[in-house]
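What follows is a pair of complexes built around subunit A, which joins subunit B in one and subunit C in the other.
What follows is the complex of A and B.
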């Protein structure tokens, strides 16, 4: 007993020491005078250079699109790992039966979910949102369907295989947008710098290839997160 | 020609399309995977052969100007890893054809994710982009450790996941603080601004990078995941991990330390002594722990930890000779360790176990493989004409030249220590023959070919080290002189 409490005390003091040291260095760094040239460039020239009035999307899909394709690969890999590793003989945990009121109201809500996710994806370069957030709402739809109508209802319509195929095609669309930039503009994932027609900032068709990239990422993230959730609740 | 971006596009295409090919017809998977692997090796070889007129090369992703774009770059130091990218993945995939029977498409997907992460980490010149590829490589490693779906592999994968994630947090913290302190993520713009911030803060940032990446290449107090992970994972992954990915993490740490902080920063403070001492400690610990192992995979995991200790010593010297010697040892250890793991996997086919004591009299069953195994173990100790002899000789002379006599002595001492555990499997294999229980296991082409090829390459490098030395002898230019790297990325 005495040993255990000593160990805990020791770990606690080590962690506190680390925390204090980190806090001191945070404080030191916050006092430095730094010229944030990168973010200033984004803010000053972002709209003009990319044609997207949502700066987050401009950074995600033009300035740093290469990071985005990497992040998309992380989600893609995570989805296929969860589908691979989790055992397929889990006991069922979703046996709750809801009243018709719940069934009806969820059925009423779902189309609105669909509309808002499409809106977020299509207007990603104009208003807050984009492929990632739209995709998350798509996956929220599949979570709602699984919880209310049961797992089998969901898998009858969309099983993991079909969702994976949509995910593959979404990812391939994003990759081919990148290769289009390579062929058309001379550099992988080139968009505004490739000379693609940018349109007037603020219009739906502006920002060059950004709406298409948003669509690809939206399809990929939505199906990827759905696959993760389906795999977590799978029962055979 | 800007072929380097295809080292990213090809694995990405393979990752995304492998599910579709698997859905259409399972027979398409292998050709696609091998075409992609051959193309990647080909690009690496293309850069190695044309290094004099192509390098250094810069690629601005998205055609942005150099100071705001994510840049990919290849310089002469990158070639150290390109030698491994040219050789290891193809052989590892070849070996996996028979080893991986369960869900091969997923395995090839994960291996390609790992390769994508490795190529990206090596080439990128942007700090956050590096973190993205770091995560890509990490996440696939965790899954590949768990791939065999046995209790021991799942446990090891969980352990690796926890330790690796803590390491990632430290690395991310280091990157965030570097961005906050310098206002840029471009690896070429950081050094100039880094020189302006206080020494204490620089030391904090450096520790964060060392901890974050040290977890991944099993720096000694952070090494616990490696033996467990290797014990439970397939040979094809181990070869790729110990032969490529671990070296990539080390490579990136070296680049970050030398470029961001500069070699003067180490020599002004006590850090050179600290790093060399750390290397000696790693080496002695690895050798000492390997002496107690009975499982071949664990034994060689500890041996990898020890061999990386030599590399740490060599790079820690901070001299030109040290960097060349360290790069040479990195390459020759990776190739030889790959061959050894392949051979261990082949011997495993006869016994069904990696325990040394169950390998009694193996030489009677598999005479050729046993001889190769013995020769490679002896080569690992550093007896001429092996490639390890050349690299240890280079490290020794570099250490003596830089005035580090005690570490130089320790290198020799460590090699004698390693003789102890390398001889143990040899003695077991050649003694205690207990009759002939069953049929001889027939080795397929794809099982003995990678083994023989790697062993042959090691022998050739040992006899003619000039082939590799020619490739890496200009590597120090882009490490010791920060200005070379900065001018290369940002322009004159």
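What follows is the complex of A and C.
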């Protein structure tokens, strides 16, 4: 017992020391006078260079699209690991039966989830959102279905094999966009350098290949996180 | 705005204290998630400065928030979700094998 309280005291003092150091460094960071030349370049020339008015999407899918492919690989790896290490017939946790009120309200709300997720993916280069947030809403939809209607309904409707096919399709689409940039623009995942027609900024078909990459990432993230949740809750 | 950075520091310290003192693996995962969320808050705080608009340039602008940390924050959120999923899967695996969530009772971890 004495040992445990000593442990807590030691951790508390260590953490407070770290907190003081962090406070000092954050204070210095917030008072730093630096010229953010890269960010200023993105803000001033980002729209005319990429054709997308949402600058975060412009960075994610044009300037730093290579980072985004690494990010998508992280989700792919996580889904593979979780599906690999969890056994098929254990870890059952969903035994609750909900009332018809919950069933009816979830059935009412699901079409709106579809619409908002497709909107976020399709308008990712025009408004806040994009493939990642739209995909997360798709996976939230599958989590809602599993919790209310049960696991078997979900797997009957959306087979895991089919979901992983969609995930592979997203990965392949993103990779083929990258190879397209390699052939026509000289660098992997080149979008505006490849001479793609950029369109008028602010219209739906603008930003070159950015809507396609948003679609690829949305399909990948939505199905990848769904597969992770299905693997975490699956029972036999 | 003046309380933002102390809040981030407080969240980091709370998460680390949870990781150091708790023995339940689920609570340790909660602590790691708190630290990761505070890092996302830090990235958002670095992007913002007073009077800045969101980096969606559909209208004439004077001050725009820095879009670069926001893109990094998106990366951090995705990696946060993936690592949390892997940690939970490992906890399920360990609980199946040892029938406990206490890290002091899991002794055969070596080798």
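Quick note on the criterion: the second predicted complex is superposed on the first by the 230 of 236 C-alpha atoms of A that agree within 3 Å, B and C clash if a C-alpha of one lies under 4 Å from a C-alpha of the other, contacts with A are read in each partner's own complex, and residues count from 1 in each chain.
FYI, a contact is a pair of C-beta atoms (placed from the backbone, for glycine too) under 8 Å apart; a residue touches a chain by one contact, two chains touch by 3 or more.
None of these values were measured; they are calculated from a predicted model.
Of the two partner chains placed by superposition, only subunit B is touched by A:189; subunit C is not. Shared-chain residue A:64: touches subunit B and subunit C both. Of the two partner chains, both subunit B and subunit C are touched by A:74. Look at A:38: by the touch rule set out above, it reaches both subunit B and subunit C. Legend: residue contacts after superposition of the two complexes on their common chain; A:128 is shown touching subunit C, with no touch to subunit B. When the shared chain is aligned, subunit C comes close enough to touch A:19, but subunit B does not. Within the superposed three-chain model, A:165 lies in touch with subunit B and out of touch with subunit C [touch as defined at top]. In the superposition on chain A, A:47 makes contact with subunit C only, while subunit B stays out of contact range.
Subunit A residues in contact with subunit B (one complex) as well as with subunit C (other complex) are 22, 26, 29-30, 36, 38-39, 64, 67, 71, 74, 77-78, 81, 85. Interface residues of subunit C, counted against subunit A in their complex, comprise 5-6, 8-10, 12-13, 16-17, 20-21, 46, 54-58, 64, 66-68, 70-71, 74-75, 77-79, 81-83, 85-86, 88-90, 92-93, 96.
The residues of subunit A lying in touch with subunit C in their complex are 7-8, 11-12, 14-16, 18-19, 22-23, 26-27, 29-30, 36, 38-39, 42-43, 46-47, 53-56, 58-60, 64, 67, 71, 74-75, 77-78, 81-82, 85-87, 90-91, 126-128, 130, 132, 136, 202, 221, 225, 228-229, 231-232.
Looking at the complex, you find that subunit A touches subunit B at residues 21-22, 25-26, 28-30, 32, 34-39, 41, 62-67, 69-71, 73-74, 76-78, 80-81, 84-85, 161, 164-165, 167-169, 171-172, 175, 178-179, 181-182, 185-191, 193-194. Within the complex, the subunit B residues that touch subunit A are 5, 8-9, 12-13, 15-17, 19-20, 23, 59-64, 67-70, 103, 106, 109-110, 113, 116, 120, 128-129, 132-133, 135-136, 139-140, 142-143, 146-147, 149, 154, 173, 177, 180-186, 193, 197-198, 200-201, 204.
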